[in-house]
Structure formats: C-alpha cells, structure tokens
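The block underneath contains the structure these notes are about, expressed in structure tokens.
Chain IDs A, B, C and D follow the sequence of writing; residue 1 opens each chain.
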Amino acid sequence: MKACNSESPTPKSTEISTVGPAKIANPIAFGRFVEEDDAVLVNISRRTVEGNPKSRKKPEHIYFEPAGPRDKIYYDPSKTKCAVVTCGGLCPGLNDVIRAIVMAACHEYKVPSVLGIQYGLAGFVPEQGYDVVELTPSFVSRIHEFGGTVLGSSRGPQDPEVIVDALERMNVSILFMIGGDGTMRAAATVVAEIEKRGLSISVVGLPKTIDNDINYVSPSFGFDTSVETAAMAIKGAHVEATGAPWGIGMVKVMGRDAGFIAAQSALSCQEVNFCLIPEDPFDIHGEKGFLAALDERMKRRGNAVIVVAEGAGQDLLAASGKADASGNVQLSDIAALLKKEILEHFGKQGIEATLKYIDPSYIIRSVPANANDRIYCSFLGIHAVHAGMSGRTGLVISRWNGRYVHIPMAVVTRGKKRINTCSNYWRAVLESTGQPVTMKND
Amino acid sequence: MKACNSESPTPKSTEISTVGPAKIANPIAFGRFVEEDDAVLVNISRRTVEGNPKSRKKPEHIYFEPAGPRDKIYYDPSKTKCAVVTCGGLCPGLNDVIRAIVMAACHEYKVPSVLGIQYGLAGFVPEQGYDVVELTPSFVSRIHEFGGTVLGSSRGPQDPEVIVDALERMNVSILFMIGGDGTMRAAATVVAEIEKRGLSISVVGLPKTIDNDINYVSPSFGFDTSVETAAMAIKGAHVEATGAPWGIGMVKVMGRDAGFIAAQSALSCQEVNFCLIPEDPFDIHGEKGFLAALDERMKRRGNAVIVVAEGAGQDLLAASGKADASGNVQLSDIAALLKKEILEHFGKQGIEATLKYIDPSYIIRSVPANANDRIYCSFLGIHAVHAGMSGRTGLVISRWNGRYVHIPMAVVTRGKKRINTCSNYWRAVLESTGQPVTMKND
Amino acid sequence: MKACNSESPTPKSTEISTVGPAKIANPIAFGRFVEEDDAVLVNISRRTVEGNPKSRKKPEHIYFEPAGPRDKIYYDPSKTKCAVVTCGGLCPGLNDVIRAIVMAACHEYKVPSVLGIQYGLAGFVPEQGYDVVELTPSFVSRIHEFGGTVLGSSRGPQDPEVIVDALERMNVSILFMIGGDGTMRAAATVVAEIEKRGLSISVVGLPKTIDNDINYVSPSFGFDTSVETAAMAIKGAHVEATGAPWGIGMVKVMGRDAGFIAAQSALSCQEVNFCLIPEDPFDIHGEKGFLAALDERMKRRGNAVIVVAEGAGQDLLAASGKADASGNVQLSDIAALLKKEILEHFGKQGIEATLKYIDPSYIIRSVPANANDRIYCSFLGIHAVHAGMSGRTGLVISRWNGRYVHIPMAVVTRGKKRINTCSNYWRAVLESTGQPVTMKND
Amino acid sequence: MKACNSESPTPKSTEISTVGPAKIANPIAFGRFVEEDDAVLVNISRRTVEGNPKSRKKPEHIYFEPAGPRDKIYYDPSKTKCAVVTCGGLCPGLNDVIRAIVMAACHEYKVPSVLGIQYGLAGFVPEQGYDVVELTPSFVSRIHEFGGTVLGSSRGPQDPEVIVDALERMNVSILFMIGGDGTMRAAATVVAEIEKRGLSISVVGLPKTIDNDINYVSPSFGFDTSVETAAMAIKGAHVEATGAPWGIGMVKVMGRDAGFIAAQSALSCQEVNFCLIPEDPFDIHGEKGFLAALDERMKRRGNAVIVVAEGAGQDLLAASGKADASGNVQLSDIAALLKKEILEHFGKQGIEATLKYIDPSYIIRSVPANANDRIYCSFLGIHAVHAGMSGRTGLVISRWNGRYVHIPMAVVTRGKKRINTCSNYWRAVLESTGQPVTMKND
C-alpha cells in the first residue's frame, strides 16, 4: 500500500494585517461592499463543520477573509501611487493581471499613477539601471493580447532594504508583487522591513506558478492555458505514436515537484497511456516497473503515449547539483533516461521501436491567456487593488471554494501543493491512462 | 436603487433516493471510496456556518452528498446494461460526457453494454424508428474531438410511460440523461413512473445548458468553451468598430433568461462598452437610456462595441407569442430593434454611423470542448457512473464549491439561475465596459 | 448545356507608366536587381505560346513586368515622403501590408517619413478633420497581430482634385492605395489629375477584395484567412445538421458577384452538400430545382449542409434597389428565402426539418491574417515600395503564375473575376458536395 | 561575393509513360476533359519564351502535361482495384490525400475497391504481417480532421520484386505512393519491375516533404501548415526573449538540407532577428561571425530571437556518422553548439544572458492540415486518380506556375530544391530579420 501525499496544511491564522485604520469613504460608485463579518469557510466537509461527534469540544471553524471592496479605505486615492512588479518565470496571464490592476486603480479609484518596475526585483536596484515605466490605461489597453509580461521579469531575491529604499524614494503606497513562492517569501521580508521603518506601504501578492503547486491557490492563474497548450503537444505525440510500427510518443512537460500539468493534460487528452509525476515514484526495471508495463501495452496495442513531468523519477538519476538564480535545483533529465531505457528494452528483443520525443518547453508558458484565465486574472488584479486601497498588507489574493479571498502570505509559502495520489483526482488519471496503480516493485 | 436578483433558493432537502440497498463490493481497483459521513457544505459563508449570534438556535447546516465511488454498489456489473440519451440544444462537451460514461462503465465496472438512444427522448418512441446504438469503448474513443453529440438530439418531452416501457424492453438498469432543465423535469417523471412500477432502474441526470442558468450548477459544462468562442466574435466586432468612422460593432449572443455568456465574454474581451442582459432592464430613449449613453461614448471615443444577450430588453418588444418544441418562448429580436434605433438616433444628427452586426449563433455551441471543459465533462461522466452503480436515482451530478456532488433533481429544476446585478461579478462587468450602472430612467 | 463564364479578358497593354526617368543608384544593400528584359508570361498554356500551328502569324506573347528592386530609382530617398491609405471593407492582412510598406520604406530605402491617411479617401478631405498619422517602424511593429486596419477605412469616392491638393500640401511623393476595384478606379483618376498638373507623384495600388474577384489577382490577400474562418462556421453547421433529426445546416458567406469563398470553403470542409454561388443560377422549385435535390439528399442521408454566397440566386429575389457608399447594390436576402422555402417544402410533407442558420458575416474578414497571408502581404508591401521608389505609377502589385508582378490599373479594373463553372475547379466542388451539375430546369 | 544556389535543373524530358492506350470513355459526368494539346510552360520568363534574340535558333519550350480527367481512360473502372501507401515521416495533409483518392476513385469512377497498405513499404512484405485495410468512403469520411496518416508509415526501402509480387497477388491496377524523394526513387524501381514483367499496373506518386525541398513541387503539401505551427513556437521565443534581461529566444525547426521552414516562418513572424539555414554557411567566431552580429544586436536592443534549421552550420560540427532507415544522415546538434557558444560569449563579458531554447520538433508535422493545405491535398489526390485511370505511370502530381501538372518521377528525384541565397525571397528574409548579408569571415 503506497503512501498518500497529505493535503495542504491547515492554516493557524488567517488574519490579515493592515498598515492602519481605514477611515476614508470608498469612492467607487456601485456594487455592494464586503460586509465586515463575511468570511469563507476553509474546510467545507461535514466532519470539519460538525466536529467530532464524540467530543464535547465545539468544532473550530477556520475562515478566509473575502476579497472585494470595503466601504472604508485607508489610502487617499488622489495621493496614492501604486507600483507593480513581475518576478520569476513567465506564465500566461501576467499581462492580464497588470492590466487589471492599472484599470482598477485608475478607473475605479482614480489613482493618479501606477508605476511598472522592470525585470523583477532587480528593477528596484539602482545599479541595474532599469527605468521605471508609467503604466497608464492607454499603455496597458491591449497588452493582454500578448503572452509574457510587458514589464519583463527576472529571477532571484534582492535586499529588502534596497527595495524599501526604492519604494520610499518613489513615494509608492501600494506594491503589487506577482510571483512564485520565492517572491512571496521575498514579499514577506519587504513587509517586515516596511513595518520596521514604520511606513504606510501595503504589499499585496499575486501568486504565480506554472506548476500550480502553491497551497490554497487552486488553480493558479495561467494553469488552464498551459494545460491547453500542453494538450496540443500530447496530441502530436499520439499522432506520431499511432503513425509508426511500434510507435511511442513521449512528451515532457513542466512540473518540478508537482505533476499537475502532466496529470491535467493527460485527463484533457484522453490519449495518454502513462503519466509519470514526481509525487508517484516508480521503478524502471523489475516485474512491476515501468518497462514491464510499457512492454505489456505495446504488445497488446502496438503504440503508447507517455507524458512525463520534468521532476518525475528524480530518485532514479544522479542529482545535478546545480541551481538557478531563484534557488531551484536544476533537474536531471528523466526523459533522456527513459528514452535510452525504452529503446534498449525493445532493442534487446529485436524490436525497433519508433520513439518520438516532444518537449514543448517554453511554448506552454509564453502563450497569451485563454478566455478563462483572462477573466480569472482580471478578478485577481481588481481584488488586489481593493485589498491594497483598504490598507491591507502581507496578503495574497486567491480563489478558494469558488470565492475570491485574502490569505496571509505565510499561509501560502508554507510548503507546496502536491497531487494526492490517493485522491479521486489521481484515480481518474489512472483510469484515463490505464497504467498500473503503482509501478514500484513493492 | 434597482432591485437585485436573489441567489439560488436554499434547497430544502438534499437527500438522494436509491432504488435499493447497495450490497455488492465495488470492483474498482484503486482509489479511496467516499466515506459515508462525508458531505459538502452548501453555503460556506460565516453567517450560515455560525448562525445568528443573537439566537440560541443552533445553525442549520445543509450539505450536498459528495460524488465518487462507494465501497458497496447496488447493481451487479456483469448483469448491468446502461443507456445514454442527449436532449435539447447542442452544447460543447456532450461527446466528452458520453465518452466518459462509456469508458467508466466498461473499463472500471466492466459493464457489458452501454446503449445510445438516438435523437433525444424521441429515441425511446418505437414509432420514430430510431435505432439504438451500441456504445463501445472503441466506438467512442475519438468522439470527443468533434462538436455536437454523436447520438443526435431533439427537443420536447415524451410520455414517461413510453420511456419506461422502452427501458424495460431493453433491460436497462441505469439511464443517463443529459439535458437542460426541461429534460431534468422529464427525468423526474420517469423516476416517478419507475417507482410506480416498482422497478430497479436508476436515472442519473447531467445538467446541460449553454446559458449557464441552472441552479447549483456552476458553471455548466461547455460554458467556458462557448465563452471562448463568443469572445472571438466580439473581437471581430471590436476590429470593425475601430476600423470605420463612427464605427459600432454589435454582437448578439445566446442567453434567453440569463446573461452569463454576454457578461463572461465581455469580461474576457475587455473591449466591450455595453453589455445588455435580461437581468438588467434598460430604456432605449430618455436621459439615462441606452442611446444617451451610447451617444456620449461615441462622441468621446468615436466607436463602441455592444454585446447583447438574445433575451435582453424583451419588455421593449412585442411578445412573439410562439414557442419551440421544448416550450421555450420564441424571443423577439432585440438586436434588430437596437440597430434600427441606433442608426435613426445618429441619422437625425446627420451622422452616418457604421454599424456592423455579428450573430455568431450556433457557432458558439457546436465547437468541440476546450481542455478545461473536456476534463470537467470527464469527471461528470465518471461520477454519473459511480452514482448509478451505487443504486442512486433521481439525482444530477454537479460541481459545487469546487467539489463534485450529488444533487436531487428537484433542487436544480426549481427556478433558474440569474446574474445578481448587485454582485461584485456584475460590478466587474460594469467596470470593464464603463457603461452606466443603470440605463433605466428611474 | 449551361454557359461557362469566360476567363479574365486578355490585357491589351501591360506597360507601366513612370513619373520620370530613374537615375539614382538604388541604395539597398543586397540581393539581385530585376533585370530590364525580365518579364513574366501571362498566358502559359502551349497554345498561346506556340500560336496557331496552321497560321503563319508569329504568336503574340503578353508579359507582365516583374516586381522587385531596380538598380536605378527615381526618388531621392532622403527627400521622399510616402503616404498609405486603406479604403473600403476590412480584409485580413491590411495591417500586414501597411507594416511591410513602412518597414521597407524606412529600413531599406531610409525614407524619412511615411504618413498614414485615416479612414480611407475621406482622410484627404480637410473638412472631415481626420488627423494624419506618422507611421514609424516602432508604431507599426506589432500591428500585424491585430485584425482590421490601424488606419481605419471608409467607403466611397472623393474628388481627385481634393486628393491631389492634399498630396501636394503634404509633399507626398508616393501614395500607396490599398482597396478594391472601386478604389483602383479612384486611383486611376488621381493618377490622371497628377499627370494633368505635371507633378512627380507615384500612385501604387494594392488590390484588396474579400471576394477574391479582381482580375489578374490570384488569390487576393486575406482570402486564405477568410476561407479558414468560414470553414469554421461550416463545421458548426455540419455539427448542427447531424445533431438533429432532419437536420439542415445553412451558412451564408460573403461573395457578392463571385462565389470564391463559398466554393473554396466547401472544398476545405469536405462536408458541404450544396454550394450555391452567383455564377451558377439555380431554380428553387421544379424537377431539377434545388428543393428536389435537397429532398433527395435528406431522404437518403437524413441531413444536409448548405453553403450559400450572399450574391447567389439574386434573380429569384426582387431587387432591393439600394446601394452603399461604394456603389455596391444592396443584395436581397437569399438565405431568408431558402430557409422559408425549405421549411415549407418539408412542412407540406409533415416533416419538421431542423434548420440551423449561421451567418458568420464580419467574423471572417476581421480576423488577423494567417501565416500564409502574412507572408503574402509582406511581399506585396515590399514590392509596392520598390515600384514606387523606381518612379512607376498607375500600377498595382499582384502575384501571377507564382511571381510578383506589376499590372496597369486599367487591366485589373476591367470587369471582375468569376468562377468558371466549366472548370476543373468548379467540378471539384461539385464532386466534393455531390450536388447535381445543374439545378436549373433547363 | 558569396555563391548563389542554382535553381532547379531544367528537365530534359517531361513526357509521361503509360501502361497502354486509353480507349474507354471516361464515365465522369461533368466538367471539361483536358485537351490533348494543352500543356503548361515550365519556365515562363521572357528570355526563355523568346530565346536569345541574337541567335537564329528557335527557342525551345519545355512544357509539363496538365493534370485532370481525360476523355478516354485505360482501366475499366468496374474491374479496377487501387492501393494507397504512405511512406517516410509524417506531414500535415496525408489523411487529406488518402481521403481525396478514395473519394475520387469510388464516387467519380465507381471503382469498387481501394486498399490501404499499412506502415509504408513494409506493408507489402508478407513477413511483416500487416493487414491490408479496405478504404471505403465511409471509413475515410472524417480522417482529414486528424493529423498523421490513418495507414501508418515507416521508413526505408523494400525489394521492388516483393512489392510487385504483392500488387499482383492483390490484383492492384493503380498504386498511389505518397512519400519523399526516397519513396519516389523506390517508386521508379517498382515501375521498372512492373514493366519488366509486362504488367498493366500504374504507379502514381504524390511527393511529400516537410522540408519543402523537392524540385518542381512548389510548395509541397503540408508546408503551409507546418510553417503556421512553427510560427507559434517562434512567437513563444519572442515572448521569452523580451521577458527577461539579456533575453535570447532560440527555436530549432526542421530543415535538413533546405531552410524553407526556417525562412518562411521567420517571414511570417516578423519577429526573428537571425535565421540560420543550411544554404547560407556562417562562422560563429570572428569579426563578421554570428556571435559578433548577435553581440551588436543584444547591446543595441537588449534581446534577440534566433531561428535555426536543424541542418544549418553542419560544417561547424563533427559529423555524427549515423543514418536512419531512410538513409538520412543523422545531423549533429547545431542548437546545442550555439547555445554553449552564446552563453560563453556573454559570460566572458560578465553578462548573464537568459537563453530560452524551444524545439517544437514533431509538433509541427503532426497537426492536421489547415484549410489551404486541405484543399491542395484534395486536388493532388483527385488528379492522381485521373492520372492513374488514364493509364499513366511513373509520374508524380504537382502544382507548377499555379496549375496542377504531371511530372516524370525522374525529374523530381534529380537533386533537391534549395533556397537561392541570391533571390529576392532570401533578401526579404534578411530585410525582415535585419541580420548581416553574410556571417562568414571573408
């Protein structure tokens, strides 16, 4: 019986900090303001709601604060300057988030200025010499039709003191940081430095991850688009596999520690026979190993499609020992290993398998957001502006149980989300692929 | 102050009926079975969870039963015959649902036969002479790459006695009905007739609506795809509007009683200036009316894009008095009225406006499902099979608060979902379009 | 035996005028210049090449001048100002042509200024008050990713004197006119006025038509893209037709006098059963008429897809008597007539046909150009600049027999291209649809 | 001054062989038959048509025979059996060609049987055990919606005696061979073997090459589709390049000996800065080398997009010495070399360039054909049937100067088509990229 991955850890506190009391009437013209006692239950299954029936202890209910406009805001819009920065790798929807922030700040709150910090946190460092961009509604008007980020991005942290110096120098009141868990951790240090200096600067995070592996962010923006694009590559692999005798199509997709793209695109295509993810270790050789299962499939059906997440099977490879500027360990190439092993396996039997390998790589993250992600990103950006204007800080905007919520940065940076290999979700993948429940020799 | 639409009515009972006790061990090989006391809270805001703090009454919690496989099932798979029928208008994803049902029944439960009833409920009527199709895994293998339904569809009810006669004659144990609220009401009468006859036949519904207007189905399958397609038409309207002096692009989209497609595609495009929906009545003339607002926009910016749901502004038109076979009243043509009024309005001022009208009509519902809908439909189909095999009946499969659930048919057919015009969602549309909060003269 | 449409009329003269002798060395750095005696044979079939074997007369060979850079140019690039105008209805690729002209003029010839005239010929008229746009390489850099024209367009002629006044006032040396046959006729009057005044201004035309009906332009730019988009609508009609009992899908596409879009998209889809075009008159009633053929198809196969060009069957309708600003007679609605007749025809037999009508209208002309058209438009724009810089005037750029050529404006405006209904091309359409060779009762 | 590549060699003979005299009246119902003396001039420039004006020698005109139906055919349709085989690597449009052959044979000529040979020439070899497929109109009806080939394919030659044995055994009258130049050479040996045995079997070739490098095939089917798909990958590279400081996007595309995909997709994207092809050798180092040019671009604009054909710069690499089953030499990896050199070049200057490498590989050849290729493939298939039925053999179907023609196999297999680096076409690429005319030192 294999071990399951645990779910996201229950947050201890979901309270959101503020830079000060909100006293100014919100100028936005219409709609309902979020009511003070409104809150979104985090865990909605009956057991958590009702608590242990045998215990006398009242069940403890944990809530997230709903996102949305408040009737009182902290910052005086006419004197507020905002700044936006995009960090880490590209992801579909970055321009949509930027656009939504600018539109909401300028049109709803009439904020006079939104600055764009170029090339990630490096853009705060004077020595780098990157200009700051004035993000006007007209400038951002059509950027959502392009992939990538109009601001540029870069990896790696920067000194929080340098960042806060820059914020002070530029008179920024609200900083919107779009980035991965590394960026959210950097954001927390910026918040601490701001607090230390006693400044009234809000920092609002917008969690970004092509791997969909951030806790309580479900799914992350751009994920749907990247799955759609990965599915196209898989479709190609299927065509190649069925177009040759002993045809095998193999596709490597992103997914360092979590196999969401691999699993979701396998579900979407319905033509995948093996989905290999980091959360589900496997053996290559042995009676129950991957090659045995592939051998069985090939002899039964004559072709196979394999989708492998880049982080799958890393235990089978020598560690590369290298890391990128964000501190991500450079992965060893599981696809190369599998390719070699597969061809050898069939070669020994005198069978010349035709293996076609496709690595869509950056194609899946550089496309513009699809309609679904476009709308999602708009809401994230709008809600980030509402949160910032209300004086909230140290939080991220997310969607949970179908509602937009505020989550403390500390909650989303504690660990990473994984596919639970005991879940119905993973079972659906196994059903769809028809691969063995485990390819581990006990 | 305009009236808001109320939210979906709170269900009175969420209990699911069964045709008998489930006593057979579930043969599916892996994954966790749904535990008996698991349940999904329907309303997850703090007030409902905690109840009125001033009252001593314990808050009442309403749950939906989670979808998924049970450890015991009712039907003996080796003796089970399933049937699938698709009813009403087309919708992206129908073939995906059919495929998922067949794959889950045949591969997971080893059910020997799944029948396809052709052309909707008419397919049950011997006089119509439609053959029944044997839906094998090989037959359905690639149907998800095509739009529409491989079974064909038709509108209108049929005598439940005739339907149950046919089910008896064909020895069907589980009937999967894919259709709109009319179909779900028909399903309820079939359930009643089955019960009256004391038969062991389960009926599982899969709610379908291009308009996304079914209660507790959020969103309905295919909606995402249709929005994506509608967005393409709107993009064309934007190009036309900006390509001519005094250019106006107008797009009519589906949405009889609810403007979800109009609103969602407006959000997705970010280039719409007026979004007209059934839920938000407007005047054409008068100081605050639509023409005044359009006039202001045109004189300020020189062009405008209008998206109008087919059901918008019906109070401005003489009722057509006709209805289709499903009982849907035939709508009067709001787009034709608007076109006439707009050209007259500017004509009187000596301005020759260039109005380009686009009606994507059936294009948006006949496309194949996108990746997102494809996955959604797969899960709906799989869960329908789990529900049916467990002996449940009279229910529909839906997703609520991010989880797949069982909902009694009576709950989803009570009224229709509407856009709440006081919600943050509608406010986001208004922000995105920049149209007045109301275009009603008091 | 029905009459065939004749081919494009043989041009009398293919000589291109110039504003003066080209004496300046061409500054472009690389590539081969077009040699003086190079020429492209217009009619390449053996009979034309060899002439009548029985006659002693030497065969007369007609050539088009090849497009491309000349070693000598007329205009001194450093003192040259260009202008671009887009006229008439939208068409995929307009922005690509504009971009290519600007890039070639600015980068290859180092022309200091390219002006954009807004909203068609109206942009030359001072009373209209449209600003002139400075088209820099940076401004046009990404416009090809959008449909439509960044300059705007309008219909209708303007006084050539007013246009030449404006060209003189702005010091324009080369005017690039992108438009249909009406625009090319207007261009000819501008050329005449320039000549009358003895000015050194070149006018180069780029023929545009969504209907692909200009002589010696084969195909026109954007045609491929519009066919691709029309095909999508037809695919939808096919899905609808096969998704209902007695299902009929009908799509109306552009094509006022020529059915190229209808025919080409029918060939592309391979799922069309009737393709109705202006060149092939048909009867609705009678033994051989359309309804009889449709009746036969429906009873044999149960569904049908009809593609009808907007200009088809106009003889069956009362003339509308109206015309648009370009002088195009407003067509009567053949689709509405067909719909009515079809439903009546089957209704009389007690059959309730399900007819789904799709009019993609402006969607097919407002999309961005596909890869193929993008390249085509680039070459058209580049060659237009080469032609203009060499001092040529009164010509259009086209592709003939696979090569880019110069054609006198008079040649392309003489009559319109039609589908030859005796050609192998039309036969391929008939084969693909399976419709009768004629639906005319003798 | 660098050397140009020569154009395709002038064919010595363009006469098409037949298996015997065509005496049977063609049964197809409509359209014009090709007239006996019709012919398409091969070289249409004035000099070839007129001949040397100084010489008294009459110019020699070379013609291709036009494709199309003849009034007399050789095979009696009711007794004719056809066979289709697809060989070599996949290419968009294979299924469209198969479909068109089946439809034309069965519907136009009422041929009773079209056989599908599976997995290329290997399918003729009894030892391989591949079943022959009966290709009915119903079987092929929707195959054009899928990429790849429904018949499967394989590489490598087979003994022509074995192939002809199989044709005799199966009573095949006409064999349609779809494949690259290797396949066309194999076809020629099959034709020779048939002739040697005195059999009445026609062999008609349909030239296929993803690289577009077959003489007198312009362009090859599927090329347009693959360019469209490659353009998508390049767009991603552009997004990545502009999204990072010192960003470089590099895309490798197919093109073993000819850089058509690289050049065409660079033209299509307009965002490529370096296009490296086999026909244009370059140095990496040195004053005029690639790195110097890249360095200049990077310092001027901050980013660059590079498209490299897989066969470019092979002289810079050690030969791999390996070959695949078709005899294609395995190329060394130019992209890996460039990546290493680029990072080192900037690394030495203390600049950390961000190089994102994308290899779309098989994605670009496994997609379904676009509308344009779909129509092209239909005509190729139809004309192949006309040619075969008329008793012609040893020919291929192609399009030349805009007309469909018959070309002897020997003409298309003599050498391969290359990009002429002195042509206006290549100059347009250089203009579009802005790269130096040559990156060769001296």
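Everything below uses one rule, namely that contacts are C-beta pairs under 8 Å (C-beta built on N, C-alpha and C of every residue); 3 or more make two chains touch, one makes a residue touch a chain.
What you see is a predicted model; the values in this text were computed from it and never measured.
Shared numbers divided by all numbers used gives the overlap of an interface; between chain C and chain D this overlap exceeds half, so the copies present the same residues. Among the remaining chains, C is positioned farthest from chain A, on the basis of C-alpha centroids. Chain A and chain D have CA centres that are 42 Å apart. Chain A and chain B, compared by their mean Cα positions, are separated by 29 Å.
Residue positions 146 of chain B are each in touch with at least two other chains. For chain B in complex with chain D, the residues that touch the partner chain are 142, 145-146. On the side of chain A, the complex with chain B involves touching residues 29-32, 37-41, 44-47, 49-50, 61, 63, 68-69, 99, 103-104, 107-108, 144, 218, 224, 227-228, 231, 264-265, 267-268, 270, 370-372, 374-375, 378-379, 382, 400-403, 422-424, 426-428, 430-432, 434, 437. Within the complex formed with chain A, the chain D residues making contact are 90, 119, 122, 128, 130, 146-149, 152-154, 232-233, 235-237, 239-240, 242-245, 247, 249, 354, 356-363, 366-367.
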